[in-house]
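Each of the next two complexes has subunit A plus one more chain, namely subunit B in the first and subunit C in the second.
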Partner chain A sequence: MSFLVRCILKESRRIQTITVHQQRNIKNWLAPTLKELYRRKEEYEYLHGPIPTPKRSAFIEWNFGSEIYAFGKRLGENFDDVLLRQAFTNSDYVRKIVEDQEKWGLETSDLTKNNSNEELSKEGRELISQYVFGFLRHALKKLPEEGVKCIHDKLLADEMLSHISRSLGTKDIILTTEHEPDDKTYATVFCAIVGALSRSSNAERTGGFIRDFVLTQLAENSISDFYIPNKAWETLASLIPGVDARLANQEGQGTIMAAYRVAIFDSKKNFLGEGFGETVKVAREMAAVDVLNKVFEIDESCSPLPLGPTDCPKIEEIGLKMNNPNPSINEVVPNVVRL
Partner chain B sequence: MSAVKRVQQWASFARVWHLFDARWQNPFDSGVLIAKYLKGLYKPLYGAQSLCGDHVVVINCRHVALPGNEWRKRVYFHHATYPGSQTWTPAWEMHTRNPVMVMKKAVYTSMHGNLQRRHTMMRLHLFADEEIDPEIAPRISNVIKQIRPVPERLDLMPEEKVKSFPQIADLDKDYVIPELKEYPNWESKFRKMKKEGKKK
Partner chain C sequence: MQNAKIHKNHFYVSAPLKNGIGRYVCQLQRVTLKFCKTRGDSKGIRDFIESYLVDYAKSNPGVVVYLKPRRHRPAMLTMEFLNGERHELSCCQFDGFTVGQFLNLYTKCSGRQESRLINVQYTNHPSIQGPWTPWTNRNPEMAVADLIHDKKWREMYNKAPSATEMVLEMFKQQQISNQIQIEEKQAE
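What follows is the complex of A and B.
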């Protein structure tokens, strides 16, 4: 071996290569730390009650203006900023501000005092009510007014509007004194948003908003889940004279798991509908409900609601139906041909 | 859940009461069939944890028909835990003591140690003869078809039917029809045949 090569080999033996491997694993200190934190939390909660989850707005990087702007844009609508802020301001929040200002001896302007969402909410609720009535009467022409009113009441219930409101993401933006807003607050805020939209935008956009968020709740379940006629058998007997209910099947008579099946026929022995129940009476009632659903065209085989962008009714068509109630259940003439 | 859906759910999971006539039937084949109805396996909505099993009422358990020499050869083992308490009871003896046990054990054994079989067996109702509990009778709404067709017995047929049956041959009036002999014990004959075979 040459002298140069021997020198290089000697030097290379002196250079020590250190290889460092980064290991990604759960550290030994992690589990004990978590256990200690959990123990401290349990101890505190035992002595002082449960720790409430903090409000999002309490964290440092909360920009209310950005949130409001983003909320409006998320819905694809052009809201007036002032009106939208007003829509989210609850009356108890305004009251608290006024109280605090009086406590500190400051003057409260009228703008602050009137900044709550009560008026907007009333406006919005009226608009939702009108549109829902108009849409239902337009889409379900054969459904009597009692049915329309029942579905309308269920759609405008606090639970339903609160559910819609929460799904839109109003939870963090609502200004209230209570730590977690309740159903009523959520519903008020949603109605106020609709009111703000109607003032910022035109009727067509407001109608579209109501259609897309309130009426689409009907699409999840069948319409007949929202409306079950009261005293169905008596109603049916008065509508279709000569209607006849017969016991088709029974199972487990005398047990708690008894099941009965009742079929309804007309005077010409045509099959109209059937129903099940844990007693004969319940079965007959549900059979009558089945027949009435077919008469009113809200059964499972009815055409879907016109909620899509192409088949939705125009605002003029809704407007026509807003103040024209459907015939009452006593005036309905059943379409026997379809049955 | 709306009322319409609740009622539909009720009807879907209603427990059906079936009737099965065990007369002339092989209990081991019948056990497999009955277990299928007890578990609810024929239902499209079957699920092992769905509690969709049905009730089966078995009548005429006394008149069950075991194949071949099962009456003599099949033994039921029992151990009462203390030493020397093991017993082997042949099927004919079990049947005389309790005419329902052969059918019951046939259904139980058909489930091969399944953990749910104790629970499934609770819906089985066995009766030795045609008489059923008067509380159970109105609940029955289906009859399970028998596996083996029940033959008509010559001695139980009406006389006119026997006499009107067409004769194979024209016999004289004095001709005496001999009585049927009892068939000899086929087992002993088989053993003889085996021994003869071995000798050869």
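What follows is the complex of A and C.
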């Protein structure tokens, strides 16, 4: 362009008749065009629903094989390629392929039919469940089985597993007919990945994988956030004879800022725990929760879970605890609190 | 900084998926190098592809690298992260080494959207001793103390003498002055 202008200027100097004006104006067409495009988009969305975001796998720069390979390498595991592909193949996707092939009169091989991740997922979920139970029972020896079960259920909930699955980058790789995979699909795929890992490597690596991605979700949080004993005061009163709750302090009674502090003592007037609340009843309940947390060794001063690569328990130690439940709350409390 | 920007996209420092507590997972999942085969300003990225790209791909097997030649279009790096974010960097007129440096930078990024850090440190447990309450560091004796009648507490919390004490004091003064008057009378 500038070359052209220069030529014209040179010519103009010679001929002395042409004058060139270079102008930089506000483009009057720009705003109306954008407004029109916006209006058309709004109109389309009003009639046909929102325009879905394009799927990454539909782009030209997409190689499923590379994505699968990189997925395994990113997590530092050596997956069997066929198994990992199967783990990402959701059952509705397989169903659709089979339907399509029937529609065109093609024969579907058994390999395609059995290629969904359902079986792997079931296997993986069982493995995660067992390892989480084993780890929690090993790391929190004083926590009764009710608490272990509660934390286990929160870790294996679809929301938690889908959060983990999403954060590992499964979103674009999952083969499914849904445009946006839902929580259940994400969770199924994550479990299937664990299943695929257990088939392609040993139990120790699978355990490490579950510890590094599932159990680390407990880190940075207090265990007592995941498990709050139900009806703590009733439990405590029924299990420890002579337990006594006393109003230790109160402030601002009769106002909306009222605060009460209740302390709990055993029959020999030994201090067990304390709690605060906006009413005496709430404060007593909180105090009982405090006592139980101290008994279960999940209070704020407890040591962090052994999640690091050096201090984590070995797979044999966890294996011992997998089918060996902790004692229930009715057995733990009377044994620990000395009367 | 504008006021509007202060309230936009702010966050506390945190790692995605507790990254690093278990094992480290590289957050960059794929990178697309878009370049032109003829344009002069794509020379740097072409050099990078020729000399360094294979080494980069070998040392980072978890990152999928795509090359996308486009005729007469500017050179771009498109980075996609595990959290679904997509960062773009125009690398017109970069030399090969600079492209590599930027790629290294993005390999180590968390991929969070560019936003304002509220504080350089963050904790879920701001206090080790627990939150302050009206009863923190208070003398346990205070729970059953009689602040009005017990002399020990009254001296500590209420320095002014009570009405009873004032009356007693007045009575004592009266007694003394009476005594003096009596003594003066006897002396006369």
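Everything below uses one rule, namely that the second predicted complex is superposed on the first by the 278 of 339 C-alpha atoms of A that agree within 3 Å, B and C clash if a C-alpha of one lies under 4 Å from a C-alpha of the other, contacts with A are read in each partner's own complex, and residues count from 1 in each chain.
Just so it is clear, a contact is a pair of C-beta atoms (placed from the backbone, for glycine too) under 8 Å apart; a residue touches a chain by one contact, two chains touch by 3 or more.
Keep in mind that this is a model prediction, so the values were computed, not measured.
Student: Of the two partners subunit B and subunit C, indicate the one touching more residues belonging to subunit A.
Tutor: Touching more of subunit A: C.
Student: State whether A:224 touches subunit B only (first), subunit C only (second), both chains, or neither.
Tutor: So A:224 only meets subunit B here.
Student: Scan A:276 for contacts with subunit B and subunit C and give back first, second, both or neither.
Tutor: A:276: touches subunit B and subunit C.
Student: Determine, under the contact definition given at the top, whether A:289 touches first (subunit B), second (subunit C), both, or neither.
Tutor: first
Student: Regarding the shared-chain residue A:125, is it in contact with subunit B (first), subunit C (second), both, or neither?
Tutor: The answer is neither, since A:125 touches no partner chain.
Student: Looking at A:249 after the superposition, I want to know if it touches subunit B, subunit C, both of them or none. Which is it: first, second, both, neither?
Tutor: So A:249 meets both subunit B and subunit C here.
Student: Please work out whether A:137 is in contact with subunit B alone, subunit C alone, both, or neither, and reply first, second, both or neither.
Tutor: Touch partners of A:137: none, neither subunit B nor subunit C.
Student: Between subunit B (first) and subunit C (second), which does A:85 come into contact with in this model arrangement: first, second, both, or neither?
Tutor: neither
Student: By the touch definition at the top of the document, which applies to A:69: first (subunit B), second (subunit C), both, or neither?
Tutor: The second partner, subunit C, only.
Student: Where on subunit A do the contacts with subunit B and the contacts with subunit C coincide?
Tutor: 221, 249, 251, 259, 261, 276.
Student: What residues of subunit C sit close enough to touch subunit A in their complex?
Tutor: 16-18, 21-23, 25-26, 29-30, 32, 61-64, 66, 68, 80, 82-84, 124-125, 130, 133-135, 138, 143
Student: Enumerate the contact residues on subunit B facing subunit A in the complex.
Tutor: 2-5, 7-8, 10-11, 14-17, 55, 135, 138-139, 141
Student: Would you pull the subunit A residues touching subunit C in the complex into a rising list?
Tutor: Against subunit C, subunit A makes touches at 56, 60-63, 66-67, 69-71, 73-76, 163-164, 167-169, 171, 211-213, 215-217, 219-222, 248-249, 251, 259, 261, 276, 300, 307-309.
Student: Along subunit A, where are the residues that touch subunit B in the complex?
Tutor: Residues of subunit A touching subunit B: 221, 224-226, 228, 249-255, 257-259, 261, 275-278, 282-283, 286, 289-290.
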